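Each structure below appears as structure tokens.
Same chain, two partners: chain A is paired with chain B first, then with chain C.
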Partner chain A sequence: MITIDAKDMHYKELNKIIRENIASGIKNFFLENVNGQYYIGDGIKGDDITITVNGVPGNDLGVFMDGPSIIVNNNVQDNVGNTMNAGKITIKGDAGDVVGYGMRGGRIYIRGNAGYRIGIHMKGYNTQIPVIIIGGKVGSFFGEYMAGGVMVLLGLNNSEELAGEYFGVGMHGGTIYLKKKIDFSKYSKEVEFLEANDEDMIFLKKYLIEYANDFNLQAEDLINGPFYKIVPSSARPYAHLYTSSAL
Partner chain B sequence: MTKSSFTNIQSEYLAVIDHAKCVRCKRCIQNCGWGTYSFGGDKIIADHSKCVACGRCYTYCPEGAISILKNPTVMRENGNWQDYHIKNIWRQSETGGIAISGMGTPLKYKKYFDHILLDACQVTNPPIDPLREPMELKTFLGKKPSKLELDFNEDDQPVLKNPMPPQIELATPFIFAPMSYGSISLNAQKAMALAARALGIVMNIGEGGLHDELVPFGKNIIVQVASGRFGVNRDYLNSGVAVEIKIGQGAKPGIGGHLPGEKIGADISRTRMIPAGTDAISPAPHHDIYSIEDLRQLIYAIKEAINYEKPVSVKVAAVHNIAAIVSGIVRAGADIVYIDGFTGGTGAAPIIIRDNVGIPIEIALAQVDQRLREEGIRNEASLVAAGSIRSSADAVKAIALGADAVAIGTAALVVMGCHICGKCHTGNCSWGITTQRPELTRRLDPEEYGEKLYNLINAWSHEMKDILGAMGVNSIESLRGSKERLRGIELTDSELKVLGIKHAGM
Partner chain C sequence: MLRLKNNFSIEHDTAGCGLCGIINIRKIRTNGEDIKKAIALEHDRGNGLGGGFAVYGCYPEYADLYAFHVMYDDLAAKHDTEEYFKNNFIIEKQESIPVFKTSKINDHPILHRYFMKPKSDREDRLLHDLGDDDFVVSSVMLINSEYDGAYVFSSGKNMGAFKGVGYPEDIADFYMLDNVEGYMWTAHNRFPTNTPGWWGGAHPFTLLDWSIVHNGEISSYGINKRYLEMFKYNLALKTDTEVIAYILDLLIRKHRLPVELAMNVLAAPFYHTIEKMEPKQKELYNALRQIYGSALLNGPFAIIFGYPDGMIALNDRIKLRPLVAGTKGDFTYIASEESSIREVCSSPDIVWSPKAGEPIIIKTINTENISQKQRLIIS
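Right after this comes the complex of A and B.
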């Protein structure tokens, strides 16, 4: 275990210390006084590594990360879990824009709200199923170009509108679950709106229990349905967009 | 709906068989990826409408019995309304689709390389004979320090005070341009990997991920990160000699890419790390890059992930304000900037973009080199030029205009048999290059074409040495950005000014 005081430290120095300590076998990190440092957990590997962040980390938290866990006791900024491959990021506050861009595996749990373009181009592959759960509400372009994985929007904070405009635009894979019904008429024509079935609930349950435990919530409150489910109407949204040119 | 009269648009080409010569071996039927030929009981029958003039059939006809002719049936000549305008209107009115095609633009825009002449030495400052004297083509791509500070060690030998930033070492200033597995076949990628290793240069694998069979070629590979982030993870970033962020492509500046689901089989699915059968969509922008500051953020996210041990390249298309854009990219921390010109190739692009958007590489290069020099940051990044480098002369001119190295894509495919038929997007390539059909890809032998690629780059390197020798310089470094050794012909004052060169005779 190691505690690092990040006060006034440049990200390059902070991340170098983390990388060097991982190389020497340290598994547990506590970062104190974090204030906007970029790239915490960038490209680190190892399922048994945990980084606890006190303060607000900067952009690209957990970018390219492959296995470790990061716990943030405050808000986070943009690009959390960018192109993340495996691992877990738990955020007790709100998240900024572009969470989980191109994420291929692992979990991101956000207790509060999140900004624009959450889960953009998120993808699943083989046994890897990336999962993002958001406790509050999100901005526009939720699940834009989503190609795989699962996102859950809980709306726990009693907000009227769960999501902004352009919901699921260009979505061609993966599943979005909603705990509250939304005015679906204003959203993308590329997705379908269904009620979650038993199979969905079995899948969701283990993630929701974990989420509830992470944030000291009552699991039953989260699991009790109904849940709504949004899936793409085609894996090939642009299949008929083109014709072969004469030249 | 009634059948439209436009479905019978006249065939572009006629596949004509000389039945007196034909021995009915049916090789043409096997070789054609388009299904042009069939056997009609006693003779070969050709469906002209399917022929794209890819040249495979007559290359492999043992009797020389096949001729591919331009269809002599005329459309009424009109200098303004070209055949392709009319035919595309018909096709688009049938389908409502965006017209797409493969390869760089076939339209005849002015090619500035063809209007630039090189200098040579006569009498004073004599030429050098490269057959007898050493001639250095070795090139390092990456950030160079603005000055060298030296210390002396115990043996009184000079040593660098500060470590040199990471570099890619090229034995000769060529790289194989980014072409992904998916847009081309794995065998085509392997041919380039084998040649790159033998030549001491690098290939760029494009945005389709790194296939297991290419992993051993890591020392000769640049990996790419594009907006779809296909196959990108920590290990991928660390598997080559450099990482390239793809922003744009010369053939389609400002738009993304779609690899259609029917081309995503099991193997491509594994390499791109996406499910089989779904479209592989690369959005037009990287959604974490909306500014130079954001680009800097991704550059340094990658540098952190690779522990600052390898250079990071940024690839952009040549567009109107390219000099200011590249200046921003260099200031954002890129070690290499790859500029892809207007005529650059593609596996598929809307022709409306390909034929109308961007600027020529010659002009882009001249402007970028000039701007970076004026700002005192030319040493901060190397420049790679691309966009139909057709010969060693084009390469030499590009380097004199300011490039550190050139990338060749189409030329490499031509080595593998490509006749630039422009149908890459259909996945039927008879040469086994831009297809994933196993019966077609099988015919492209990586060893054989790897050797031919090796021969081509060797030949071009020899030619480059000849040109350097004639100019009286003994290293490619001495020619870099040396516009004084170039002269223009048939160019206007504005063109000469923008290229930064004098007219011939001056």
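Right after this comes the complex of A and C.
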């Protein structure tokens, strides 16, 4: 275990210290006084590594990360889990814009709200299924160009507006689950709205129990349905954007 | 020799920059240390080719005079420009802008400031009957476009811009902003991507009491420029941010639009959003879009607009640039990154992000009015 005081430390130095300590066998990191350092956990590997962050980390937290866990006890900024491949990021506060950009595996659990373009261009393949769960509400362009993976929007804070405009615009793969209905006018033309079935609930249950444990919530409250399911109506929504369908 | 004039034939300027703003709504003045700390945290958002600050409430002893901050290439440019000033303005005081030579800002133009008001019998009175504000605007346009090697970068009352080529924290040291006090500060860290960084191209851009710091790019620059030229604005700086300052001068000062509506011109609601509004609102927003279509800003942007009564933060309509706000008591902080706010205010009361196209407007409390009201109650 190692505690690093990140006060006034540049991100290059902080990430260098983390990498050197991983190389020398350290598994557990506590970063204190973090404020704005970019790229924390950039590209690190190892399923048994845990980094606890106290303070607000900078943009691109966990970018390209491949296995480790990051726990943030505060808010986070933009681009969390950018192109992340495996591992887990747990955020006790709110998240900024563009969470999980191009994410291809692993989990991001957010207790609070998240900003615009959450899950933009997420992708999945066979058993590689990235999962993002948001406890609060989100901004516009949720699941924009989503190509795979799963997002769950819980709306636990009883806010009136669960999501912004352009919900699932350009979505052509993956699944979004909602615990509450949203205004139908917000959905993009490219998605379909269904009720979650038993199979969906079996899949969701293990993630929701883990989410509840991470944030000291009652798992039963989260699992109790109904859940709604948003899927793309086509795998190629723009196939005829520049050509007529007759061609 | 450093040359001020931007002779590059480039249509617009873009930047992936950092922004900060701090305002005390009771107009309590603080020095430049906090804003420097806040923008310094965003050091990596810029590349050393532009940094700057706007401060409001910094010249209370000359509050009725226009404070001109001018950059000169050489003494000849200074001489010519001062000739114009002497003929047209009553200059109450003039001096070099105090600077501290640091190794980080080693090449700079001549920096001079003038506290003055237009003469009542000035040269142009034979032809025009411009008000003082209009005359100051036309003087700024004239000098910036016609006077070689001279550039007015601040022309408001009881406010000033301090900017140049360098990282903002170095620019703050260069202008010794720890000795300057104001109730509102904005700051900018520049990462120019389409035009070279030059002294006049640093943010904030100001005109009269308006100041703008901007992160993003204005794709509609061409149409905005042509629109402004119809109202005699001269866009001499070949940078996109300049149009925002002039559009707001036109809308707020000349056309007397409330600042809230002016923001709705810059980032107009989409027609499908207007369609859902109540009939009266629908009529208003449709009219604004029709009348001011050419003042609409397209492209990704986050801006902080400073004016004597407050500070406004605004995103483009689909939020393509970051913007975060936080408050603590009488202070409100705006920044590109939350950590920037926490650097100077570790535990804000609330932290939030504005929605796309919806301005955050923080107005100062008119303390004089409050005390008057209290007096009425007492009597």
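In this text, the second predicted complex is superposed on the first by the 240 of 247 C-alpha atoms of A that agree within 3 Å, B and C clash if a C-alpha of one lies under 4 Å from a C-alpha of the other, contacts with A are read in each partner's own complex, and residues count from 1 in each chain.
Everything that follows uses one rule, which is that contacts are C-beta pairs under 8 Å (C-beta built on N, C-alpha and C of every residue); 3 or more make two chains touch, one makes a residue touch a chain.
Everything quoted here is computed from the prediction, not taken from an experiment.
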Chain B versus chain C as contact partner of A:Lys179, first or second or both or neither: neither
Chain B versus chain C as contact partner of A:Ala235, first or second or both or neither: first
First, second, both or neither for A:Arg107, with chain B first and chain C second: neither
Touched partner set for A:Lys137, first chain B, second chain C, both or neither: neither
Contacts of A:Val56 with chain B and chain C, given as first, second, both or neither: second
Contact breadth on chain A, by residue count: chain C or chain B: B
First (chain B), second (chain C), both or neither touched by A:Lys92: neither
Touching partner for A:Asn82 - first (chain B), second (chain C), both, neither: first
First, second, both or neither for A:Tyr38, with chain B first and chain C second: both
Shared chain A surface residues [contacts with chain B and with chain C]: 11, 38, 59, 78
Touching residues (chain side chain B, partner chain A) in the complex: 9, 12, 83-84, 87-88, 91-92, 94-101, 106-107, 225, 227-229, 232-235, 237, 258, 260-261, 269, 273-275, 277-279, 281, 283, 287-288, 297, 300-302, 304-307, 350-351, 422-423, 425-426
Chain B-touching residues of chain A, taken from the complex the two chains share: 11-12, 15, 19, 38-39, 42-45, 59-60, 63-66, 78-79, 82-83, 85, 98, 101-102, 104, 117, 120-121, 123-126, 128, 144-145, 147-148, 170, 172-173, 235-247
Chain A residues touching chain C - in the complex, by the definition given at the top: 11, 35-36, 38, 55-59, 75, 77-78, 94, 96-97, 115-116, 139-141, 164
Contact set on chain C toward chain A in their complex: 41-42, 44, 318-319, 322, 324, 337-340, 342-343, 351, 353, 355-356
